[in-house]
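Two complexes, one shared chain (chain A), two partners (chain B, chain C).
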Partner chain A sequence: VGCPLGEEAVDWCLYQLNGAAQFEVSEADIISTVEFNHTGELLATGDKGGRVVIFQREPESKNEPYSQGEYNVYSTFQSHEPEFDYLKSLEIEEKINKIKWLPQQNAAHSLLSTNDKTIKLWKITERDKRPEGYNLKDEEGKLKDLSTVTSLQVPVLKPMDLMVEVTPRRIFANGHTYHVNSISVNSDCETYMSADDLRINLWHLAITDRSFNIVDIKPANMEDLTEVITASEFHPHHCNLFVYSSSKGSLRLCDMRASALCDKHSKLFEEPEDPSNRSFFSEIISSVSDVKFSHSGRYMLTRDYLTVKVWDLNMETKPIETYQVHDYLRSKLCSLYENDCIFDKFECAWNGSDSVIMTGAYNNFFRMFDRNTKRDVTLEASRESSKPRAILKPRRVCVGGKRRKDDISVDSLDFTKKILHTAWHPTENIIAIAATNNLYIFQDKVNSEMH
Partner chain B sequence: MSDKLDTDSRSEQTGDEKQDTQEKEAVVPERTEEAKLKAKYPNLGQKPGGSDFLMKRLQKGQKYFDSGDYNMAKAKMKNKQLPSTGPDKNLVTGDHIPTPQDLPQRKSSLVTSKLAGPENHVDSMDAACGVQDHN
Partner chain C sequence: MLGKGLKRKLSDYEENMADLSSAFDSSRNLPYPLKRQLVLNMCLTKLQTYKMLVEPNLHRSVLIANTVRQIQEEMRQESSQQPINVCNGIASHSLSYPGIDSPGISLHLPSGSNQPESNCCSSWSGEGPIENSLLMVSDDDMSSAISSILKDLDFMEDISPPSCLAPAGDEPKLPENACLKPEVRQDLKGAECVFGSFEISNSTSYLKDLAIDDIFEDIDTSMYDSDFCSAPLMASRTPPTATEETLKTFPSCNSSSTTNIQICRPDLSELDHIMEILVGS
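Right after this comes the complex of A and B.
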């Protein structure tokens, strides 16, 4: 029953689990975003409490073969705090919506983190040396009694325990009237964009008092509002191209070289709706919750409520591939609307070679689809079903009819256990799965045993 | 028991037929769900993706506080007892004057994230794990 994925079968096993046990969950601990940096050496998580935790992968070590590849806590800091905008009577959550890493350009690491309103640039540096032997200060930093100073010495740098320092280098505030849902760093490494429900702004990483509006879909009369921006991303290689998705299920590719204001798209990707399927829920479930360019830059991956779709940039009329994530929910849409689950925003991810795509679902399940073999698998991120180093067993949801042992029925699914945020290492088969307040890191068994 | 077996074999034989029925039924679930919803909420708008639903999304986080009302209320406090907030602090009605105290106080997290706490390393679950000291 194990479904092989890719050229060689990938057996996923739990490598690491961080976070408190279920009964200790406080709202602030709920993970709201997960992101690997460009090399995969660092993994950042953001939570509802406005905190960021950065994990660093242990380098290979011959002395401790089992600790190779472990992600240890590298740093943690409070990125955003709750605010109240008295002028607009608006409560601003400290929840971290997105984290994006900047490509590393020197010894320091930098990342952008954003809540609903403010984007911040953080610089993460290491300090492993400390000057010692000051003339006027003693070891504790207290001023010396000058009468005891009889000679002049030159302070020397001595090694010290590694200290990781995080400082806010830029604060990009007041750029958004509506709630920021995405940020994306441009391949030029100088600019980035931030998107809210109705507008997209372009910023220069070094300039905080100005931003350039590149998309504005706010109607003159708000009564005419029919569509909002749900996600956006820069093309990985072409610095002039970006895509944004809408609540109506369409994607718009924009070219910043074509015009200063990109309200008019260069390409519109939209799948025509099947009129026989039209229902009250159609528009809601077609809303795109996430869009990601493939590493190659040739394709885009979108997630809507029930499917993940692969789009070819060269074909606007329909996606080239559509994968059902949990089609069995079609007969549950009424209750999912009532409990608001129908508005859950799931993310999606590509693997390093763009051959496998992944997305989360309910009951702490997550799904992977192999684009080449067309096989898919459902796996579970839970303490009970993840024994150390044991290969994850594929799960199955049964929809009536034959029921196999270990199948779970649709009615038994726990809709409070949703995997909204997932990330795939840029090159290796290592995935980070956020299950409410827990962070799971799964690795390919072959990968982890290789050293 | 034998009935069950019969059913199974019957469904295998008429696999094609069953599939057809299933395909027809597959078109229906959303409509059935829609009918259920409309039965529960007859006043539900015709355009679910339209203005109302989107406006609600845009207005997330809106709380109402009027300093004028607050000061007027404070001045009147001496004369009459003002209605206090009901169980739902978020509901602001005409009778209730919102005050700064009513706005849910949201403190920032002084507590470190539990993700940064003692880790459950899969390979060292038996041993105690220490907190990273280089933070």
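Right after this comes the complex of A and C.
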């Protein structure tokens, strides 16, 4: 299915675009997370207003070639509401920070969604049949007059319009004092972890009143605090291993078999600083905003402000690959610090075969790096530059010197248009890009033509 | 300012800072101590802004505090190497952190020195906006800024309901912050031993810093006096004064104005919410 990844250049084209035009944006509609499920059939997005929208891919049909593989809205629900913490006089935002799908174990789908404080387990079920022919009630549910019942019948299941029901099955509350930045489902499918700035908790999916604290980096004296947890993830195959990243740019691989409290890491991945690049902002830009294991489980991908790095689990001293996302910003760090853009948290993603990595940037640009060919491309997610089915044109940022037509100069970049959240289909060349309130789904041209 | 940037309130101070950071980025001739001072100013401004927020972002606060510490350490090393230092430690003025809207930024030109940079000093006397924004800050003040903001965070977190933790097993919790390298700890001890009196005076609640009467002056309380008043508790967020633009909300007003709350008939859903918290369901 799809063209062999990494062997041919992939041409991306816009498949569909969801979301209102820019001038209608309300803050609540800003997409805050995007996640495919394990088969890629479902795509979930969360927004600042606490809503989750699930898209489902239409099954292919030979009758309608153009609607194949289209992601249509499957369900929309309000996952989190704003809360007021009366003890601290704080409002808890309803923004969905992360969504993670559980592997499907029966006909229902399940996902975890979290805001800053509370994680919820949602069950999504379909109902497309309903029983008809009850003995005691009529079609509207009213009790029948028993004198009219002369024979017994067995209710029969008849098809009805598809109804998607979403119910909250578990609410994991009061586990976190600080803001939850990541959740990760374990490969054992029984437990998951949630990480905030200073602590990581391990939960059992069926138990909501108890969690185990497995990492705690809060110092006895808060004044000694110099490092926070920024992201965490379970290993895709080894249920005892997980990694967490820090604001100092380090990764810690922990083994839950070693001890109950994993403050001592099994492996510490850290790259010594390049003295030639040293600046006042070195530490800030080294803060890791996202960490993802490769599908193989052999590598980790990290994103810091200016680069994405691939780490081999067997080598702690430095990453095996480093890719520059937007190095032209290195000379603009002070301005980016001043307007807080330097704190933007970009996510990163692997493709299904771990051969290409992707991450977002500014000006609605996103970047892809092919690990085998070492080629990289910059693409743009915007209405103007994406006509449906037309191939996306690579973009270029020029840093002075020769300027080609259609190049954008660094000073013209729009820093309010940031692509923080991206997701890659688990097996195919389909990507979901969140640009403010818009969800772009791009497909590989070859892929879409083959269907 | 870069490109289209973020929409921002136009205040003199902010425009000034934007110009300065552009100057920092584009100018190669800016002397290092000046750059450093500029970054330090920005850091302290941000920390001060965060201090006024109800819930500062811990991640950012830590990153900024680390940057301040780093600069502080560098300046300290320089001052220990050379007895007379232009840009460091001369706290002849009482400290004034530039607030978001405060018009007066203290002006202080570095007066003559034995520094090699002294040539640069005289040469940039003509560069108006940059030199006018130099802020003389002492080590004590920097340290207190960091400590007070981190202390604030600790204070806030300590009054949270206890998290439901199962016993963490056999392993005793490590007393040391495992992430902090030993040599850095020793350096910081020097920085933080000045916290002493500052910890007490820099109160852990911004409420004490502000005159309580000032907060309530401009708020229209007529709605609180009526029977139907559940909504206004949350709705009265319009910031009457400029400084309050930086405050996310006025929860302190709500909690302090207990008499007002008693007058109001709380919404049923709010009661439910409170009950949920108490019962822990």
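Annotations for the structure displayed:
The rule is short, and it goes like this: the second predicted complex is superposed on the first by the 422 of 451 C-alpha atoms of A that agree within 3 Å, B and C clash if a C-alpha of one lies under 4 Å from a C-alpha of the other, contacts with A are read in each partner's own complex, and residues count from 1 in each chain.
The rule is short, and it goes like this: contacts are C-beta pairs under 8 Å (C-beta built on N, C-alpha and C of every residue); 3 or more make two chains touch, one makes a residue touch a chain.
For clarity, every value in this text was computed on a predicted model and none was experimentally measured.
In the model built by aligning both structures on chain A, chain B clashes with chain C. By the touch criterion defined above, A:I284 reaches both chain B and chain C.
Once the two complexes are overlaid on the shared chain, A:D209 sits against chain C while remaining clear of chain B. Applying the stated contact rule after C-alpha superposition, one finds that A:L90 touches each of chain B and chain C. Residue contacts after overlaying the shared chain place A:G19 against chain B, while chain C stays out of touching range. Contact with neither chain B nor chain C is seen for A:E165 once the two complexes are overlaid on the shared chain.
In the overlay built on the shared chain, the residue A:D407 is in contact with neither chain B nor chain C.
In the superposition on chain A, A:H176 makes contact with chain C only, not with chain B. When the shared chain is aligned, chain C comes close enough to touch A:K264, but chain B does not. When the two complexes are overlaid on their common chain A, residue A:L333 makes contact with chain B and with chain C alike. Only one of the chain B stretches 5-13, 23-31, 77-85 or 113-121 carries C-alpha atoms that clash with chain C in the superposed arrangement, namely 77-85. Where the contact sets of chain A with chain B and with chain C meet, they give residues 84, 86, 88-91, 178-179, 197-198, 222-228, 247-248, 280-281, 283-284, 287, 331-334, 337-338. Against chain C, the residues of chain A that register as touching in their complex are 83-91, 174-179, 197-198, 201, 209-214, 216-217, 219-220, 222-228, 230, 246-248, 250, 259-261, 263-264, 280-281, 283-284, 287, 331-341, 343, 410-416.
On the chain B side of its complex with chain A, the touching residues are 26-27, 29-34, 36-38, 40, 44, 48-51, 53-55, 57-58, 60-65, 103-104, 106-109, 111-117, 119-123, 125, 131-135. Those residues of chain A that touch chain B in the shared complex are 14-20, 24, 28-29, 31, 45, 47, 49-51, 53, 66-67, 70, 72-76, 78, 81-82, 84, 86, 88-94, 116, 161-164, 178-179, 197-198, 222-228, 247-248, 276-277, 279-284, 287, 330-334, 337-338, 388-389, 437, 439. Those residues of chain C that touch chain A in the complex are listed here as 1-8, 17-18, 20-22, 24-25, 35-36, 38-39, 42, 54-55, 57-60, 62-67, 69-71, 146-147, 150-151, 153-154, 156-157, 159-161, 163-166, 168-171, 173-180, 184-185, 188, 192, 195, 234, 248-249, 251-252, 254-255, 273-274, 277, 280.
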